[in-house]
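In what follows, chain A forms one complex with chain B and a second complex with chain C.
Now for the complex of A and B:
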């Protein structure tokens, strides 16, 4: 990481720190602040994640250790790169690859239209990254669109390894309180104390569905509600679907929901896409596909070919947006967008949707003015 | 024609969102796209299933307001906001009764006073003030002015009929123009083939020189195509103008999808910069791990095979990697995934 002149740890640390300069704040999370920075010599833009440990009573935050530990193991085009680590006073700084947007922003940007090939490309990149993690016996444990970052060349990369940990050892219990609720696998919701890469695949299946639907697929409002939503959307599993299910710690008596016709909800999607998604959202973790098998599913080799990363849709930057308002094509696109967006405005400018709140009937002035 | 009737005719469907749910049984549209939410005269929503359940034995009270309702009074609302739905229906009812026109009045002031009066009544209905009294006023008006209401209604229907006819005519004209154009294309094609056959015949049978025949033919061709063109020209121009106006502004030139790069050969979706990890497991190990006896591991997808693979791969990781040489200074080049 440094030229090996310095001998003592402090010197190495100081040298590393002097390689980078912080430029501007990008965002702040619960346990870290992220800055945009630059490698002074090469000019490479980086993200510097400053972990606040000054106010941490019990030493370094667990997720910081997890993140460093996981990222040091991983080097893959579809996993965020940990460039350097240094400390400054009582803060730990992770120097990470700079990535400008994430999949959540892309999904929410309703001015972007997704082609089936685009979704295929994102899924392929995400699964390649995940396959690498699983080959290294690492679980990500917090997959969601927000944590799939997108580089300026369109490459999608797994990020935020704050909850990542090693798996495979059955002797060490693992917590089932992990993964953002909407993407949490059923075995976690039922309190499994040991699990496998299948939990990441479930989350990936939810992301796949979210890409197809442009809205979260299983939005539970609480942990119990999450199970209900899953069962409503996927049908309540039986002991045949999921052998051993009743032995999981938190199993209770579920309401029976029939398995709905998936092709109804995913009407616009191809059969192989829905097929792969169903395999990724299988209740039984043992029959859920692995990342490697998912990549070998015919969905990825069938036409259309996945879009080249550089050609994937991406949100416009602010400057581009401003320039676009002047040009007529931008106005045209906006019009089209308005006409097709779900928010109404379909009836020639007069929205039939009155979602802004109940409109009290207003007295109309019907009188006709006399001709001048 | 009332707004509601015309909406029905144009097949405007009800406003729905995925978040809709039935207030009675809480069923969500998210899981049943074809769910229908209906409303009755008291403007309370109910899904079809609840409707069937509630009114299976004839008239029953509305579960929200206890007003006695019948099943056949329920319909699918067009607007999401039921106050809007109600207002539209009230106004439709008023417009059917109070359909006098300006020419029915002596002065503009009279007409405006009449409009004011109608609007007053409408507001009373909408805000539910003296409903019974207002209803009786409207009914009385209807009885007294029955003849005129009928007359104005038929007048209006006539006007609408004429309007529809004009629209139909325009549509037919477009259709005719298009057929005409297609027929001309067909004719031209046939003539060309015929001409060709004629030349071949002439060359084969007559004793004139080939040059002469071809020359005569060229003159004839020029004439016929000229007259043809003049006749077809006008229709074609009209058609093109029509087509253009219909599609104008719909396509964006710079939005063309480029077709060139669709396929560039086979590729491996599972491509990775690393060599695959190859560890052969034995058929059976003497594995005393007690955790497997409980059986809840299998339900979470944790298998003996996976556990053994983890241990063996861990034990062998890096065994066959060459040690770092001087050229690989940075430990970040280290590939810890291979074993």
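Now for the complex of A and C:
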């Protein structure tokens, strides 16, 4: 064994920084700028997410800490890989694997046609990634199509862990103001401060429905409206459907909506698919299916087999797209997580601005969409 | 128990990946840091002498520093003293209600761990533990989901300082300016696994094997005392949290005259048990033999440290001020962004 050399923190950081170069800007939010970059020696293309910390009064902000902390512990084919981290002055730079599209873009691209086996493949990859997070006792807390990125080989990966935190300690309260509204579970909308991986499953259920419908399933216009939209779509739950519901902090007198026939809306979908989706969208969080159990659902074992990732439909390459729309800027911009302002109090449990802003009435689309 | 080939979840953690050592490799690492740290101190002093327009004082200054250089062991002793002050601060923040009761334990343990990890990639000559400890504490509140605004974090410190010295000394930037060097030295790995949770798991598990439940509960409560002790030792770099938890359990069981071996023999194969007992003995020995550094000893080392600080990293040194001024004069170069 060789005698170890001294390794000082600042030197490790400088060395890491010297390994990469930034090439072009891919997108920008108030919280971060994302660049395409390269590992100089190997030539590997990476994404470098530069988090601006400089103007934060209390130093490193919580979403940066949460994201770094979570990603350092997660190593899974269906979770975005954190390749390296370095800081430059007061910027934190996350070197992430480069992923060129996301599920929202795929869903919105009306030139793409989905086979049932394609949807099964995306759901399987998403649930595998989520199952891994939950096995590591981590909640993602911001699942939506926009945060499910897709690699050039078709692999789907969970990304954007700025709201992720560990769970499992029943005594510790957590904020219910999390998850982009359309994907927010009913227990969160009703103010629960103790919740589990079931909130991520609800979001996955919404994503599942969105894949089947090609449009957001439960697009509420405000937090109150969100519950109404859910109840109209799924029927107002009773205390029998969801024991304990009436004890949640924000419960009020709901309008009673009957439970509709799901088969009408999801006419083209298999019984298996609708069956699993219903288990993921169960009102009672404790009877909502877990990621591990969802993966064992007949939906995944029955035919058709999930499409191989490389064979999945994907949007046209950027260059083609740029040529099509005759734009000088071929760079597709992905909308980024906007930071919670420091006074937004992510921590005390008041308000969290999620990617679309707290009220997100409409999804802003910063991308150059392909001609529909 | 059946052996599986799937790696355990613990083996996928950054704690397992990057923060595992043997006693030998730890000692070597610290010696190497110390050696290179000293070279940097001497180099810094020589540079400072030039800033000092070459008056004859530099030789005397270097000779004085050389006489007072700290050994790797003295570094460890000094760090240990400041680790203990973390407990004091935890109590203060609890009293001020800035830390919730259920979070305080984890914040404290993570802060201690951060300081210990920090000094595997730094030396006290560059960064004395007194302020590093505070920055680690502050970072730990964030990492453990118990964020405190910086002004609130400073206030109790200022109150204590005014009581002691008549004026507040610690400023926001004293803590925040070090946040980046701390997080760099932690290799941007922030999740720390402590023995508290596995200890609770063992406690639940043992209830099936041990009849005297009230005594078992007492033992479990006593276990926390030994886990707290273990945080100050190097055990966290040598063993897994569950092993440390079980070692602490054995010590607590001894105190309360409870035999937990029936549980162990029931749960582990004889072959594994032999290895486990060796590990547990080692852990118990390390916890029992840890002697906290006394305040007198810490003062003595701190006094020496004043004379052997690396001026390059010391904001109060002439060299540091000159370098900082030069940087301000230099034309602003934006970072490597290709906008």
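Criterion: the second predicted complex is superposed on the first by the 312 of 372 C-alpha atoms of A that agree within 3 Å, B and C clash if a C-alpha of one lies under 4 Å from a C-alpha of the other, contacts with A are read in each partner's own complex, and residues count from 1 in each chain.
The rule we apply is simple: a residue touches a chain if its C-beta (ideal position, glycine included) is under 8 Å from a C-beta of that chain, and two chains touch if they have at least 3 such contacts.
In this text the structure is predicted, and so the values were computed from the model without any measurement.
In the superposition on chain A, A:245 contacts chain B only, with no contact to chain C.
In the superposition on chain A, contact of A:73 is made with both chain B and chain C.
Once the two complexes are laid over each other on the shared chain, residue contacts for A:236 go to neither chain B nor chain C.
In the superposition on chain A, contact of A:22 is made with chain C only, not with chain B. When the two structures are aligned on the shared chain, A:279 is found in touch with neither chain B nor chain C. Using the contact criterion defined above for the overlaid structures, shared-chain residue A:111 touches neither chain B nor chain C, since it reaches no partner. After overlaying the two complexes on the shared chain, residue contacts for A:45 are found with neither chain B nor chain C.
Contact with both chain B and chain C is seen for A:135 once the two complexes are overlaid on the shared chain. Once the two complexes are overlaid on the shared chain, A:155 sits clear of chain B and of chain C alike.
Counting residues of chain A touched by each partner, chain B versus chain C, the larger count belongs to B.
Common to the chain B and chain C contact sets on chain A are residues 4, 73, 75, 135-136, 169, 171, 347. Across the complex, chain C is touched by residues 3-10, 12-13, 21-25, 33, 35, 50, 57-60, 62, 65, 68-70, 72-73, 75, 85-92, 135-136, 165-166, 169, 171-172, 174, 346-347 of chain A.
If you check the complex, the residues on chain C that touch chain A are 9, 12-14, 25, 28-29, 32-33, 35-37, 100, 102-103, 118, 121-123, 126, 138-139, 142-143, 145, 147, 149-150, 175-176, 179-191, 335-339. Interface residues of chain B facing chain A in the complex, by the touch rule stated above, are 12, 15, 17-18, 28, 30-33, 78-81, 83-84, 86-87, 102, 108, 111-112, 115-116, 118-119, 123, 126-127, 249, 252, 254, 261-264, 266-267, 269-274, 277, 289, 291-292, 294-303, 306-307, 309-311, 313-314, 329-332, 335-337.
Of all residues in chain A, those touching chain B in their complex are 1, 4, 73-77, 82-83, 124, 128, 131-132, 135-137, 167-171, 187, 192-196, 198, 215, 232-233, 242-245, 247-249, 260, 264-265, 284-286, 288, 292, 295-296, 300-301, 303-306, 308, 311, 329, 332-333, 342, 344, 347, 352-355, 358-361, 363-364, 366-368, 370.
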